[in-house]
Structures are given as C-alpha cells and as structure tokens.
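Labels for the chains are A, B, C, D, E and F, by order of writing; each one numbers its residues from 1.
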Amino acid sequence: MAILLKEVDCRSSPVPSTAIQEKWLNMRDIPVFVDHHDERFSLPFTYGGLLPEESAFASAQVAILPIPYEQTTTYGTGTKEGPQALIAASRHMELYDEELDYEVYKVGLHTLRELEPIASGPQLMLDRITEVTGELLDHGKFVVGVGGEHTISFGLVRAFAERFPGLSVLQFDAHADLRDTYQGTPYNHASVLRRISEIVPAVQVGIRSLSREEAVWVKERGARLFYASEVVGSRTIATTISEALTDQVYITICLDGLDPSIMPAVGTPEPGGLGWYDVLRIVRQVAETRHIVGFDVVELFPIPGNIAPDFLAAKLVYKVLGYRFKLGKPRPG
Amino acid sequence: MAILLKEVDCRSSPVPSTAIQEKWLNMRDIPVFVDHHDERFSLPFTYGGLLPEESAFASAQVAILPIPYEQTTTYGTGTKEGPQALIAASRHMELYDEELDYEVYKVGLHTLRELEPIASGPQLMLDRITEVTGELLDHGKFVVGVGGEHTISFGLVRAFAERFPGLSVLQFDAHADLRDTYQGTPYNHASVLRRISEIVPAVQVGIRSLSREEAVWVKERGARLFYASEVVGSRTIATTISEALTDQVYITICLDGLDPSIMPAVGTPEPGGLGWYDVLRIVRQVAETRHIVGFDVVELFPIPGNIAPDFLAAKLVYKVLGYRFKLGKPRPG
Amino acid sequence: MAILLKEVDCRSSPVPSTAIQEKWLNMRDIPVFVDHHDERFSLPFTYGGLLPEESAFASAQVAILPIPYEQTTTYGTGTKEGPQALIAASRHMELYDEELDYEVYKVGLHTLRELEPIASGPQLMLDRITEVTGELLDHGKFVVGVGGEHTISFGLVRAFAERFPGLSVLQFDAHADLRDTYQGTPYNHASVLRRISEIVPAVQVGIRSLSREEAVWVKERGARLFYASEVVGSRTIATTISEALTDQVYITICLDGLDPSIMPAVGTPEPGGLGWYDVLRIVRQVAETRHIVGFDVVELFPIPGNIAPDFLAAKLVYKVLGYRFKLGKPRPG
Amino acid sequence: MAILLKEVDCRSSPVPSTAIQEKWLNMRDIPVFVDHHDERFSLPFTYGGLLPEESAFASAQVAILPIPYEQTTTYGTGTKEGPQALIAASRHMELYDEELDYEVYKVGLHTLRELEPIASGPQLMLDRITEVTGELLDHGKFVVGVGGEHTISFGLVRAFAERFPGLSVLQFDAHADLRDTYQGTPYNHASVLRRISEIVPAVQVGIRSLSREEAVWVKERGARLFYASEVVGSRTIATTISEALTDQVYITICLDGLDPSIMPAVGTPEPGGLGWYDVLRIVRQVAETRHIVGFDVVELFPIPGNIAPDFLAAKLVYKVLGYRFKLGKPRPG
Amino acid sequence: MAILLKEVDCRSSPVPSTAIQEKWLNMRDIPVFVDHHDERFSLPFTYGGLLPEESAFASAQVAILPIPYEQTTTYGTGTKEGPQALIAASRHMELYDEELDYEVYKVGLHTLRELEPIASGPQLMLDRITEVTGELLDHGKFVVGVGGEHTISFGLVRAFAERFPGLSVLQFDAHADLRDTYQGTPYNHASVLRRISEIVPAVQVGIRSLSREEAVWVKERGARLFYASEVVGSRTIATTISEALTDQVYITICLDGLDPSIMPAVGTPEPGGLGWYDVLRIVRQVAETRHIVGFDVVELFPIPGNIAPDFLAAKLVYKVLGYRFKLGKPRPG
Amino acid sequence: MAILLKEVDCRSSPVPSTAIQEKWLNMRDIPVFVDHHDERFSLPFTYGGLLPEESAFASAQVAILPIPYEQTTTYGTGTKEGPQALIAASRHMELYDEELDYEVYKVGLHTLRELEPIASGPQLMLDRITEVTGELLDHGKFVVGVGGEHTISFGLVRAFAERFPGLSVLQFDAHADLRDTYQGTPYNHASVLRRISEIVPAVQVGIRSLSREEAVWVKERGARLFYASEVVGSRTIATTISEALTDQVYITICLDGLDPSIMPAVGTPEPGGLGWYDVLRIVRQVAETRHIVGFDVVELFPIPGNIAPDFLAAKLVYKVLGYRFKLGKPRPG
C-alpha cells in the first residue's frame, strides 16, 4: 500500500489522508447517499443544508466559521448554542432571494466545524480565531464568522486588518462596547469595539446603551456613532452611514442591535432597536457603494422553543451574502 | 495506485464524484481541519462526535440511521426532532464504558444523513426504510435505527426479517401497540407490534397501557408480554425474557417503556415504567445469550431546555452497542 | 310557540331550556356529529375524551368537578391551569385498566364546566365549592374534585362530612398543611388539613415538610401521620394506613406527596416522595377494605412543554376510580 | 308540543338520540349548570367561551371547524395543537369590538369538535375536509377553518369552489406555496396555493420566501402576488389588493404572513412580515367591497409558555367575522 | 459599650435594633464586602444592582416597592414573579441614560422588600398597600410600585390622592379596566380604573379591548380614552394627552398597553399596542409639562427563558425616573 | 452630631461606614421594615429567606458563598444562574427538619453577595475564591460554597487544606473529573478532582462516566472510587465510604451525582445516579463519624419553568447543615 501511495504521490500531502484514500479505494462499495444527493436522504447539517457536492471547501468562495465561544457573557446564557441554532434554521430557508432574483449559494458556501473554545481565558482564544481566519483568508475565502459572544469579532477583525489595508468596521449593536476593560480583562464583549477601534476606524449603528465613560470617550474622540433613535425607520441614514466608511468594510452584526421584538434571543435585549428593513437598507447601501470584505453575526442566544430569532439570523447571513455577491463592486486590484 | 486510478478511471464511476475528485485533485490546497483532527476545531455533529477518519462508511461496522419520521403521533409533538437531539447529546458522552472496560466506537460508527420523510402516507415511507436498511445490511453494516415515531420499526424489522431467518423481536414499550388499524391506516405507532408480530415472533416488555381489544388479542394468541409491574426492580426477569427469544434478536426500544421520571420526553408518558438498570440488565442478558442483529431507539420527543432525556437515549444506544460488540456471541455461520 | 311549550309542559322546568328545545325541534337539521360519535371527528375535551352519549349527566355515576382555584399559592404559579391540563391528558389514556381487566368509564363519567373562581377571598369560594359538591352528591353522584390549590379540599370535605357520618380523610401530601393560619387567613393550602381535621379525623401520608409548630401539634394531638421515609418502598404500610381509617373514606391527593422525579409539576416539590406503585398499593388496599366515598387530586402546576406529570395525574384519577368501582365493597345501607 | 313530539317520534330520528332524549326525559333531574349559564361555573372550552345556549348548532350562523392536521410540516412541530390553543385563548377575548361597536358573537358561533386526522396520507384527509365543509355549507353555515397546517386549506377551498361560482382566494402568507410537489406528494403545505390556483384564481399577499421555480411560475403565469415589502406599512395597497379579487372571496390566512415579532408561533417564521393593522386594513377593505364567503386561519404552532400568538390568532378570527357580518355587503341572490 | 449605647440613646429607638447594634459593636470584625463595594463581589439583588451605600433608605429620594400580588388574574399566571424578574433584569442595565445625559440612580433608589400578599381577599391587601405607600410618602419618598396585578394600583393611588390634591391619573393599558365588579369583587384588575376614576380623574391610553358596558360607561361619562389605533406611531398625540391631565400626575403603566411584540409577558396580550418610542414620547411630554408625583409598572408575567420583556420593564422604570428627575418642573410649593 | 460620631469613635473603622453611620444618625427616621421583621413585608432574597436580624454576619456561624462562575462548561449552559435559583428556592423551605427535630438556621446563616467572575481565565478566579474563602474561615465561619461550575471547588478546597491539616475530600459526582487538562487549561470542571487530589486525598462516590485515561489513572493510583451501581440503593456502603475518609472532611457535591430523575438540571446528566436517600444516608454517616469542616453544592443549571431541582439543591444544603450542626462530633481542639 505504501508503494501504491507513493505512486499516486499522496505522501506529499501534509495531512493523514486515511478517510480520503479509503473513499477512493472503496468507491464502488460506498453507496451514493453517503456523500451525494439521494432523494431518500435529507439535507446535511450545513449552512443552507448544502450537500458536499455543493459546498466542498476547495471550490467554495465562502467559508462559514462557527465560533461557539461564551466566556464572559453577563446576563443571559447560551450564546455558545448560537452557531448550531443558526445553521439548523438555515436548512429551512429558501435558497432563492426574490429581492435580488439570485441564488448566492451557487458561489459555494462551505460550513466549517465549530472552533473549539479555549477555557484558559479570552486572549488565547482570540489568537486562535485570528489564526484560523487568516488561514481561511489566505485560501482566498470570503469569511463569515458566526458567534458566539461579541468578543470573537476582535479576533476576526485582526485577521482582516492585516490583509485589507484601509479597512473600516461597521458595527450593528445596542451597546457601544467601548469599555476599556471589564470583568478583569480587556478582551470581552463589552470592550470589543474599543479594541477594534484601536486598530481600524469603526462606525457604530443602533446604539442605545452605554456608560457615562463610554459616552465621554465617544464625544472626545469624535467617534461615528448613530443612536438607534436616529436610525429606526429612517430612509436616508443609510447613505450617511455608508459615507462614513472607507472603501473596504468589515461588518460586525451584534444581533441585539435589532429590536427585541424580532430578536429577543440575545443576552441583553434593549428596547427601541432596528427593524429588519432598517438593517437590510443599510447593508445594501454599503454593498453597493463599498467593498464588503467579510462579516460576522454574533450574540445569538437561542430561546428553547422559539425558532423565529434563529431563522432571522440565518436569513440575515444569506441576505448579506446576496448583497455582497450580487451587488458588490468588483474587488479592487 | 496510480495504476489503480487509471484503471478505475474516476469518470467511469456511477456516482457524481465531483466532491471526491476535487478533494483528491486539490488535496494540497485543503487545510487539514476540513476533514481531519485539528485541536482547534470541535467534534462534528455525528454520533459520538466522531471525525470522518474514525467513522468513514467503508470501514465502520455500525451504521446509525436517523429517521425523523412523525406522521401519526397522537398526543405530544416533536419526535421528528428526536434523532438530532440524540446525536447532539451523544457528542458529550464519554466514549469509554467503565462497566465493560471497552470503547465500542473503535468498531467504527458511521452516522448517515437523516432519512427524508415522505408526506404521502406511511406505506411508502416504510418501503423507503426497508429499502435503505436492506442496502445497509447488504453492505455488511450493523444497523441502528434512531426515531422518530415507533411506526418506523416495522420498516426496519422487515429488512432484517428477510435476511435473518428465525429472527425474533424484543420490544421495550409502555404500550402494546397491537391495534389492527389506527387513524385509518394499519401502519402507525399504535399498530407497529401487530404488524411486526405478523412476520416474526415478538416479546413485549414494560407494557402498562393497552386497550381491551389488545388485551384479548394477547390472551387469545398467547403472546409473550411482560407487564411493567413484573419487570420493575426484578433481578430475575432478565433470564425469563431472554429465554422467550429465539437465537437472533432485533431489539426495538420505544423510550416510553422507561419510567417518565428518567424519560419524560415521549409522546404518551405512562407512569410506572422501567428504570435504567432494569433495561440494562435485560439487554445485557440478551447480548450474552442471544445474537443481537440490530436495534432501534424510537419516540424521543425532545423537551426544549431539558437535555437529560436526550442524553439518556444517546447513552442507551452506546450501552447496547457495547454489550453487543464486547459480550456478544460470535455470529453463527 | 308559547302554546306549544305549554302543551309539552316545559314551563315546569326550572331551567331555561332553549338549547334543548332547539335541538329537539331542529333535530332533523342537526348533523349527527354535533353530539354523537362520528369517526370523522375527534374526541371532545372531556375527561377520558368521552362523548356526550357516554357521559351525559343524568346517567353518569361519576361527576368530575374541575376547580381551577389559585389564590394563595406560595412558590410556583399555575395550578389554575391544572384541571385543563389533566383533562387534556386524559383524552390520551387507554380506557381499559389491565391491572383490573376493567373499563371504569362505563359507569359514566361526566365532566362539569370549571367552577368559577371568586376573587374576594377563599371563604366565599369554599362556600361555593361546598354548595356545588353538595348538589352533586344529592344528585347521587360520586364526586371527584380536580384542583387547583389544596385549599379547595376543605370545601369538598365539608360537603361530604355533612352527608357521610363517620367519615375520615386520607391525605397524600409532602406537607402537613396544619398551620392555623397563613397569609392572613385560616383558609389556605398550608392550613387545609388543620381545617379538615377540625371536622373529621385525618390520616396523613408522605409528609416530609412541616414547621416546628405543626410537629408539636401532631405530637400533642397524637395525629396519625406517616412520614415519607416510612412509606417509600414499603410493602406493608398500606395495611397499617388502611386500618387507621374509618369505614367511610374521602381521599385528598396533593400531588406533591409523590416524588418530584415523577411529579415535578407542583408548587413546592419536596425530594424524597412516594413512587407510583407506593400510592397505588395504598389506595387499592383502602378501596378493598374501606368505602371510598369521593376524592380529589390537587396542586397540579402544569410545566409548559412537559406533559408527563399531567398524564400521571389523569391516570391516577382513573386508577382510583377503577379501584373504587371494581374492588370497592358494596356501599353500606 | 306533546303532539309535535308524537309527530316527530324520536325513534324515527336517523341519529342515535340517547343523549338528547335523556336530557328531555330527565330534565327535572338535571341541574341548570350542566348546559346553561350559572354564575358559579366558568365558560366552556368553545370559541369565545360561548355557552350551549349562545352557540347551538341549529341557530348559529357560523361554524368554527378545528382541523388539527399536521402531516407534512417542515421545521417546527406542533401545529396540531393550534386549534386548541386558539380556542383556549379566545375564551379570554372581549366579545365586544370597539372598532365596529359590534358583538359578532350574537350571530351564533358554533364550535365543532376537532376533525380527526387520517394517518394514511393527505389525500384522504383532504377528502374528509371537503366533505365535512360541504355538509356545513349545505346547512347554511358560514365556515371558519382553524388549522393545523396550510395543506388543509385546499380541502376547504374545494368545498367552497363547488358552491360559489366565480370564487377567488385571498392568501396571506410568507411563502408562495406554489411548488408542484413536495416530500413526494402534491398535497402539502408547500404546494397548497398551486393546488388552489388550479381551481380558482388566487391573490397572494405578504410573500417573502419562494424558490426560483416558484418565481418563474409566478412570472410566466402573471399571477397576482404582493411581496411583503410592498404591503408593510402601506395605506393604499388594500384597495389594489381588493380590486384584484372577484366578488366572492375566500380568505386563507397562513399566520406566517404576519411578522414574527407579533407571530413567532409558526413553523417557518420569516422576518419582514405584515403588522396587525396591515392585515386588518386589507381584510376590512375586502369585507366592504367584496363578499367574504368563508375563511381559515392556519399554521399556529403554539409556543409553550407564550400565549401572545394564540391570542392574536383568536382575535384575528373575531375581527374577520366582525368585518364580514357588520360591514359585509348583503349576499347576492 | 452598653454605656455608650445609653449615651447615644439607642433604647429610645422604637425598633428592635439588634442588627444595627451588632454591626456597630462588631464593626471591626466585619469584612468590608458585607455591606460595601468590593470588586471581588457582584452587585446585590436591588433595583439597578445598587449597593447599600448608594441606596440607603434614609438618603434615597426614590423608594421602589415590589408588590408581587396575584389574586384575580384571568388568563396567564405568574405576575407575582414580576417584581423579582424586573429587579433581576435591572441589574444589567446601564445606569447612564444617553438620551438625557444623566444618571438618575444618583438621587438614590432604595429597593424595599416585597410586600407580603394577604390571601383573605383584595380589600385587606389594598389597605396594606395604601398604608405602606402612605408611610413612604410621609418619609418624603418618590414611590414606584412594581407589580403584580393591576389591582394594586388602586391601593397606590389612594395613598397619593390623600396627599396630592388635584391629582389625575394617566393609565397605559390595553384594557379599559372599567368593569364595576368582576369575579365577585369590586377590587380586581378588570375594575381598577373604575375604582380609581371614582376618586380622581383618569386619562386612558392604548386601549383596545373593552366590553360593551365599559364602552357605554365611557361614552356617557365623557371619559378621556385614547384608543391604541390613535396613538401608535403618532407624533402629536403626546401633547393632547398631556393637556388632558391636571398638574399633578400619577402614572400607572399596565404593560399590556405596549404591543405584544415587545411585551409578550403579560396575562392578556392584545395585538395592536404601543411601541417603545410611543410610550417614551408621551411620558417625556408629561414630565416636561406636568408634575409626575409617582408611578407604577404592573402586570409583568415573566416568560421562563425570555428575558427581553423583563429588561424592557426594568428600563421603562429607569426612563420614567430619568424624565421625572432630569426634566421635571420643580415641585410646586 | 459630628461630636457624637467622634465620641463613639467611628473614624477608626477601617471601612467606609457611610451606610452604617447614616442608619445610626437617622435611626428614628427609618421605618422598621427596612431592616427588621414587619409582617407586611416578605422574606428577603437570602438563603432561607432569613432577615438581617437572623443572619447578620457577625453572629452567623455559617457563611453561604454564591459563586456563579461558568467558564468552561461543556454541554448545557446556565450554571451561573445556579446560586440565585438555589437561594430563591430556599425561601420556600420549611426551616424545621423533622428528621432531626432541629432548626439549624438558628446557628445563623449569612448569605454573602455573589462572587464576581473574572473573565480572563480560571486561574485568577480560583485565586479569588481561595482568598475570600480564607478570609471567611479566618472570621471563624463554616463556609458553604454554592456554584457555579465544579471548577470552583478547587479554589474552596485550597483554602480549607491550608487551615485543616489532614483534610480529605468526599466527592459526589457522575464524572471522575480526573483529566489532567481540558480545553487548554488544568483548571476546569473535568479536571477538578485531579487538582484536588494533588493536595488532599479524595473519595469519589456515584461515578458513572470517565475516560479510559481516567480509569487507568484510578487503577494505577489505587484511588478510592465508588461507582454509582455500587451505591444506588445500598444500605451498607455509607459505612465503607465513611471509613475511607480522614477525620476532617470537606464534601463537594456535584449535583450530577444524583440521578437525572430528581436532578435533571445539570450540564451533563448521566442516567443511573444516586437517589435522595442514598445521598442523605452517606452524609449523615460521615457527619456522625467524621468532622465536616465545609462543603459545596455545584453545577446547578436551572431549567426555566422547572423548580424541583432548585428546591432539591436548596434543601440538600439545609440537610447537610442540619447533620453537621446537630449530629456532628465536637470539633477537635
């Protein structure tokens, strides 16, 4: 067998290729339904329920990276169940977007295994996130992070910032997340935008909860922050927001930016938030006028027995992808 | 193998082999974590959280077949969520069985995609189950059905009965399930043992709910039926039950056979049921003295927010597999 | 029409008989399924799902009286939903009792509408309960109260005590309920046995929670009280308990007397309670050696999403009825 | 009337009239509270909590037909609990409509028993629905179907289409439901409007989820379909929608047409749906300018512990009835 | 030390001062974290999570009075859990109000223990509420009642009416609550505004459910009642409402006045209610132009597992306090 | 007044005594109900609902330390809500123990504020726990830790081990918790007994889940480990367990040691666990023959809507305290 392997030159593969070889060798013995479409079997537990043949890593343009990290949450519990709930819901979405007359799944959406949490503190976990995100970007993937608590976005943004000079970040959130430290660490959900804004400029949308210290920091620094009351129902703010961003944009969507009426499944649900069409209008405007290079959707805390928020989160990922790949300007250079 | 590759010529494969070819062709471009162990990534959503390399179809001795079928349930709703809940729970089990000093997962446990329900009535669905089960048996797999409503067991048993002459069935259940028809069809959860006992002999254990007509049928036919009150806490009944079976045994475990204290997550939970050790004692005895050729665990109706029943069901599958593969007599012929 | 009415002499009816007359007059126009069995329609929302033809008031021996009263509960909330949950569950019971080879529903079980709560305090509500129970007893019914908080049992017992001289009460409960007053009233769930024992002797079974004052009262009065630890698993205590009762017995089953493992759906679930077979053994013994003249099942606090406790409560009513009507001694004189 | 009684001669009644006769014969022995108003007793479990005297079949103009059918649902589970939840909630509605200064319950609302599901596939079940609906229409009733999955609407519409020439259907829904077949059958929730539109013209309102194939079908056929984004918040669309309908209109309200913020209790909740006043405005306009001949409300999946959606569904039925009976044009011919 | 105590004359204290004395005597032995800020310990379970040093009774201007009373609720159950849920949620609010650039907690917010329910009927309970509220007002506190069922507001208003001549009441509610009696008592949630309007004038906002009798009463009396449909989304109604009030205003916020989309956690959730900004706009207008002398927030029925409504209720209390203390006109003489 | 303060010399207090001084100074102005018993007010949210006068720190022998730490949990989520749920439940316990004829609360039980989690990793959090526990022990308190994940027990045990030479630990648990590291840290719930057994000898009871590596470690080291199957229902094992301990014993009760039937509210519920009386029998035996110096109860994951597990946990704390203070041998030296 070693000889055999030599001949096909598998040795040079850096990975233990047992599973792949086995499939190859026993291919005639493997029923089609194991890896391929067979109408007698349901869709797999991938984002969009995509089969291996529609979502193989090598050909997929998009990599969905689930990060069920929940270390430092404050009030509710359960955001580590978020990625699985979002993916489960996504299997029941229509893959056709009637607004765009488009099926973005055809660009190939590969769902990765969940990133394994590190329990020794957020710093090492953020390093892991940055590292893996970087590897995915270096494979040419458009990366979508699915949380998990908001802290993870810093890990994601770091990997993007290294590779996309002039990046800016668009944050949807109820909370400013601008504390310097919280619960004894600078790396937590309440400080994540402070950390991010230390490396790239950020525009904050939907804010309706912050401390006096954060308000002072915003004022002193002249940070771009759009309070929820300015954004809810506005038909013109999308342009203003868009113009506050640089050409290359990473979007971080903390789901509590949306109104609790449509998104109760968050850790600290603040009344007075954004509606579904408020968010879509802004993202669409950004997609049409800027380059969206990646994004994340975080802080889904599934409520047992209520699937509506999970479904919204799943569809939001799909809408953003649709805007990006259908309407997005060609990538510069 | 190069020769082999040439000879088999991928393109001649009867299955659309895109995904496999792609992996092969692009192997150098595929990061290890896509299919293999990488400590930065969590376990996949397979039974036991087994990685592809531990659970590839070709080498696995066991095939776990999730059948989320729920057509004709009566009271509660949700058994179609059962397979996913059982598998989710199984990812948190220890894979070592201290009673047996054994790790049965090493025989290879392959988790299939869920069987797709047919909505045009149970008859076609049962045909699908029998067909797929037959294919798996013909590939030499030890098949474990995971329900889904009890109706599915008839589809499973039919495939076994064709291949294992002299088969008998051991049923754990609160209900006799011996109605001739129910809700306008002979194929439903309340008739499943009636259908099964028309093709193979059955022994029923844990029964504590049946109609007068069923009771008369049992008496007239001299069927072997052990009421729950005879079984709960008994240390000797296991032998009696075992001796009522033929040499080749299929076990169908309707979870409501267990007591609602440990298994509330069923559609019609009947008080006075079997304890955990009651069931284990019987299955172990059967494993030691008979050949268990396959089994199913059905009627898990996950209760949102209560994971204990899901976990019990997941571990029960593992215990039965352990008894079967560690203690089971060598298969005849 | 007035003439018509005169002729059939409806005037003498004390009730406004519009509905009945209408049915009569339009009988040919009323489809059978409105009041009668029609296989195209499901069972009604009565105890056991009995149709009008099986449960008409006039011919039924048993009257099920739902009393969704919840005034003075302490910890959990929701016992006013108890009667409806018990009745909903009862529609999914088998109506055949295999232990007794008997179908007690054939004696006729009439489910009354729920008793309307009075919000001005428990005293008037108890008067209403006593009044209605008395009317039912005077119509010759065997009355089963379904709660609702335990307070209601005093209203029931008062009506029985007036009509059954020499009555004693058998209480299943975790709590002694012997406080003199509680929350500013002598009529509440924590005092109900104190009130009852002021009019008839009581035997208490399953107790595992009481105050020092109650313990002193029990000791001083020499009250018959069987702690849970004496009863759980005992095969002999049933006789002792039975012998402590007079010939005519009213049973009040506060569901928290059972163990929370099988009955979590109570307001103050105390660990270490009675098992299903513990309770059945005692009730059966009492049914065989005493006259059970009525009973109630109280303090069901349905847990949304967990039907097992509701089902147990529904079946417990059916078991007690079965013991009473199959095994009960002929009523004295 | 005595004469009358002789003349009609109960025995010649085609229905087993035991219950009715018994009531008649024993009338003096039956306490008033069994069938009539008695302030000591609560409202019955009928729609609106109406007593027999307010809702007798013969005199009621409206028949509420609960159809707890759930065969082919996709994502969530539990719509078979929908009718009971809607009716339970309706008992707590005010029966006075302040918008209309009107109490529509006075036209008589009779709640039928639930239609019994057939488990052998949707085709026979749809036949049952069409048959029973037809019988009710032939008794002159205004029929309101309460689901249950959307599939049932086809059974209802068939019965109406036979009796109301020139009928059109107004659908509120998030999904187009225009697939030709799904899960192996043409009769399912995802195909119901395709089936309906094969027999009568349909207008679809609130759509925001469909497949490419459905979108193509809509375009090619020139079907009338109003996307949610056109309808939400619009004050003029009601007239446009109304004018797209024929004079005789059947309305089918799939509750997921509403926004998940107010209606999370559906199987596949799609964000961006209709508000309460959006729906009312359209139905009112249709009631004022067209003849509403019947309607259904389907796909309520009660969420244990959240009564708000059940209540909305109950009130929606009442609002539609109010518009129809207060504002509706006199029925032609 | 006894001498010391004599000298400062503790004996003359009317209260049993054991705890206070002990603290004094042992002060050196008591670790700082018992009563004071210590970063190693979390916030206490007070409103806003305020420490003793920030919320001591003597210095606090505001007294939060939790009244977990639930006697006469109709549909849902659990409002007696409301105060605790509101307070638990309030510990996770930001204490800075960005709309007002203000931290109202600095006026001192003292959270009292819950008022103990009386089970002998609402009349005595209302007396207790009036008595305690009066004591708090006489200590100069601004009182905030937290319910508990709406009935309690009558107890609160009575105490205010005695002390604030010319008081008027602003009610947010879905229901008119104008029944004369209900469930056998004039003191209940469905009559509370009838009782209140017998002693002070009331303005009702958000109403969308009332009986014919209540509608007639409103019309005859010319009561000021703003239906929800007039208020939702209106930018001008705030002034009209404000002008209908006298100079001194007590606000009673029944949470079902809000839309169930943002406030599902109520007993009878009526669709079509007020949005978050609708309520804020009105309260702010009243704060700016009238004197708010006190208020209550009632009828929170926490939904297990959904914290969004609890959080909204907690924040609503904080917003009203902020408007009152930041924008309120100086109290007249 | 400043003079007075000088005279009693408050300035020398090491703590910022604002709150205390204020109370003192304004004592006549503070209503009794703020700190003392007043029948109009409910019990506070302390363990057992004890008032300040019954539970002041200085006089209390017992300190209850809630530690809502949840960093490294695996499956379920929510143990950080455990302490609050346990304390909420404890307010509804009887404070009299009928088994012991004893009221242990009279020794004084002081409930501390919750320990604040540190989000930068478990090591610093464990240091905080050890530090605070040490301070409490040095104040002479009997410390009871309430979790929170099992990891915290290592912090507790370290403080005890420093002060009680010859200490041994008795662990109730389903899992051996003997992994060397897990999720990248040696300080986690799966390694806690490994860490503990590195500093003091441990006896493990109720185990039924461990890895092969843990099983080997146990065998090689000859560790004392009692599997659940040996303990469930045994009347003699208590003595054996007790004799395996040293004279001074710390008990750590991981609630998953109990059977999921009575304790479903844990993160990884393993079937086949200990019953209520199994645990009590062992603890009582240890209390009678050894010195219990402290204990913890950990891993309560409250299930929304099911209070039974919370109540069991609260009562378990009370039972252990009762055994310790009523039956415990006098402390040596």
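In the analysis below, a residue touches a chain if its C-beta (ideal position, glycine included) is under 8 Å from a C-beta of that chain, and two chains touch if they have at least 3 such contacts.
As the structure is a prediction and not an experimental result, all values here were calculated from the model.
One rotation lays the C-alpha atoms of chain B on chain F, and its angle is 120 degrees to the nearest 5. Repeated interface, listed pairs B-F, B-D or C-E, reference A-E: B-F, with more than half of the contact pairs matching by residue number.
Centroid distances built from C-alpha atoms place A farthest away from chain C. In the contact between chain E and chain F, the residue numbers used by both copies make up over half of all numbers at that interface. Remark: chain D and chain E have CA centroids separated by 41 Å (rounded to whole angstrom).
Distance between chain centres (mean CA atoms), chain B to chain E: 56 Å. Remark: chain A and chain B have CA centroids separated by 36 Å (rounded to whole angstrom). Shown for chain C are the residues that touch two or more other chains, namely 116, 259, 261-262, 304-306. Of all the residues in chain D, the ones that touch chain E in their complex are 89, 92-96, 98-99, 101, 103, 259, 261-262, 276-277, 280, 305-308, 311-312, 315-316. The touching residues of chain D, counted against chain C in their complex, run 1-5, 8, 13-20, 22-36, 39-45, 52-53, 56-59, 68, 84, 88, 110, 112-116, 128, 131-132, 135, 139, 304-305.
Across the complex, chain C meets chain E through its residues 70-72, 77-78, 80-81, 116-124, 182-185, 187-188, 304. Across the complex, chain A is touched by residues 74-76, 175, 207-212, 215, 227, 229, 232, 259-262, 264, 266, 268-272, 303-306 of chain D.
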